[in-house]
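Should a chain be cited, it is by its letter among A, B, C and D, assigned in written order, with residues numbered from 1 in that chain.
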């Protein structure tokens, strides 16, 4: 279960479930694992930006990762981004020992030039060791680091342990085409590309050459269906499934409050016990919750959809 | 036809149509006007950010505005944002003389604090004169200026000639609620709120208290239907109409290439002769154009929609 | 030794000294303490942004703070900024138990509006407790959070435990005048204002009403002299002392490489054993080091200056 | 007098002088020209960011440029940056016809990737024509576009008409070394590098290989002396001259109010009749003006300096 460049399918980004008082909620981790596995996920990604990772103490990070690794029984990718390489190294080596399939590394927001980005990944790989498969996280909207296809190619070519791109640029369709073009012209070895952004363009990302999705939309079943249908060449069906979820997906994809929406939906679905975030966190107004309820009710009425554990109340 | 705080409905943001060689295309302006009027628009907004206004010479700006004003036969709002107040004044006074209903003013991107924002609008109103009704454009994603509800209220209270907010924050639903709350508690006089962002949240924005939309989505018919249905309390129907367009609307709403998508669709609909932008402009790849075609074809198949002049090819 | 609103003088921002292999260098902490005390500092500030705080494990942060507190024998302010309030609370309470005079809290970079900033400090104070004196860190260039004088006043008025502003805006002179104006008109209770930005405007900041400096320029003796001379009304002498250091100070104040310059100078002065930063860190080229050596040699030639332990080589 | 890659010395960035009512002040243009020429400038640069160019109407831009070109009798570089390439072309061709030596082009702030930057300069050169010598303006602090040495090299190599870099990165010393390294290893043809940032690092920039300065510090005599002394290998004298001005230079270099300081000093020197800016502009408080007066008085007392027309009042 070591991550490699052939990885494909859906790796849901798992939230970190907390009790209302801020303690870790291990039972909800187990429930999430069961639900992801049951829905047909290929793996899981934990301690991402949406996983409130910076709010965890080091030992908590390890505990959360270990619990997901044990519970999922599938490849688990662990976010190890950290301001210091020493902390990145200890977490990376510890989670690999406990059975992680690989780690994900986001650039620090201060990087501006290609040279700085390459230098950063060089330092990170030196720190964690060349034996740990890693994922590049490319998320300019939040991290304010612009990675061109060429700099991604340079990282891939320099580091054999780079096996995957978490693609989260916006707009990002042409970036997938550019990277697949590099593979086609032989200038870059093949890597796995899983897409993020809550899935907002997953329908077309698959057509551009993505291998799947790595994002936290609260209905991973839909992501899994779209990936499966697109791979089977059933384009219109894939879009039908996607379009039915788009109103909710768009609502979840709002900056700042997205995690609050996502945790609320997961709670409504019974997959986590509480939608609490560790402080400081974002919160939904009563009106916003009612809007999500309305979108869930519309989604539930839509026939032929697999809504998992969700029941309209 | 002077803009006031009771304005409601849909004011499509009109693109500026060019010939492939960069000349203004007056014929397409006329066609756009006819189409907006036929669809039931309440007015039109020209020379906005999407109207490529900074690429026009002063006399061209006036010519474009005058042609729209003459052609639309409805209230026309003209964007007069400019680095200098002198240019803002000359354009504002010239278009009002030619029959504009009001003007729209965006803050310059360097403004950071509430005091700076208030000072800027004070200077702008002093420049254009207190007799011209104006619209505040609140568009942080592009302009990087953060206007809180309180600073908007302060502008409204200081300037009787401020009659409307072009609302384009993201996320922005709570901002509408906050402003309507100010009206309810008597701390702000009523203003018109029209929403932008390509319409991405129009379904809920109407429920939060918006008076309509001011945005450039290439099917203003849909915006008009959603506004009408929501005002009639036909909530589920409004969402049905909205949801059918959301896949295309989302595609059009991508930063950087949005205008290229929009002009391409308007060209496909026969409303403008060419999708050319003045240079430097963004362009769609062949794959992107095919993706838009695919979305248009799916939209056309959806029964019960009023697609205006569009025919699937 | 509890921090209060009468605090004045110079609180040098201490770097965190590391051995070349990344281990904490406690001996250098002791040497720094001795040097600050000998130079006439009023206190010390540790674990600031320049202190590489995010690269420390929680137990290391506490160890560094405790060593400085024990070694300095003067009021010590500890930076407790953290992505989560739980971590902020544990560090704050632990360092206060070990004898810290107060804590410093920077806003998280995602805050945009006055309401968000106020909400953040409300949450932070609730987390650490109302019994711990705290310092607001206002550093827009690095943190991208814009705090107007009004929002600072609102924080001060809401929280009696707010005793000091670390002023680091650029330009920032008018902000000091505005805040002192609030005190003069009775709309804000007096607070201590210490200025940062490497001291780049300390000469005039004192004239505008600052109480002193809190910054890490590698010759705190100069900061102390300027503060003392300005308080004694010896304006021209203060500027003479300041001007002699400005060429080096300006060189140290470069974004991105400033800490490397500072640690290099402190090492040259014999105050820390190594200029190593924890990875990822910035490094000086050989040319840059030679430039700093040249500036140090010019400074050493300048007669009448108290260069502390520094000897030109 | 056509600009080429051998250009060296000082090209002061000229402000655009206005009367208090906002009209162009041609008499002050003539006085500035005489002063620059008398001080030993190599040329002049007009319509830069500090020249309030975006606040001029097209015909005014041409009039200002033409007046400077006629008055200076030395190579004149004209800023032609514009949102649209059509406007850039008309201004560029018009000023070359009137005798400009070359034009300067800044990237639009939305550019993020190397490909976008290269594409932008490709379009700009296509627009203005390959026969007009041009200068790349690299000013990330204000334009938010990051140009690596590699992307600058790519522009230089692609466009024979690119003859100069206006270097204004911060920190920027290593960038000069990197570009001169490209020339040394034969991977880039030689270009002229003139530095900006108000001159804040001119002392060392010359030592790194700059050919001179292109910036608007209100005492171009000093810039000219530093460039001359450094070229003559009189390093310590160069730094002496530079250091004497650094306190004022630093004050002038503040973001947002820098132009107000600069125009005020030029007015105090008798070089322009009024320090008025076109609205919206920044203004100095009475305290700030007194601070500048104080710095001017200190500078005047410093013996051996050539202060041009300035007399302490």
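Just so it is clear, a contact is a pair of C-beta atoms (placed from the backbone, for glycine too) under 8 Å apart; a residue touches a chain by one contact, two chains touch by 3 or more.
Computed from a predicted model, the values in this text were never measured in an experiment.
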| item | value |
| --- | --- |
| Chain at maximum distance from subunit C, centres defined as averaged CA atoms | B |
| Whole-Å separation of chain centres (CA-atom averages), subunit A against subunit C | 38 |
| Inter-centroid spacing, subunit C versus subunit B (mean Cα positions, whole Å) | 47 |
| Residues of subunit B touching at least two other chains | 256 |
| Overall pattern in which the protein chains touch one another (line/ring/star/complete/other) | complete |
| In the complex, subunit A residues that touch subunit C | 22, 52, 54-58, 83-87, 108-110, 119-120, 123-124, 127, 256, 278-280 |
| Residue numbers on subunit A that touch subunit B, as the complex places them | 170-171, 173-174, 177, 200-201, 203-204, 207-208, 236, 239, 242-243, 246-247, 250-251, 254-257, 285, 287-288, 291, 298 |
| List of subunit D residues in touch with subunit A within their complex | 112-115, 140, 146, 148, 150 |
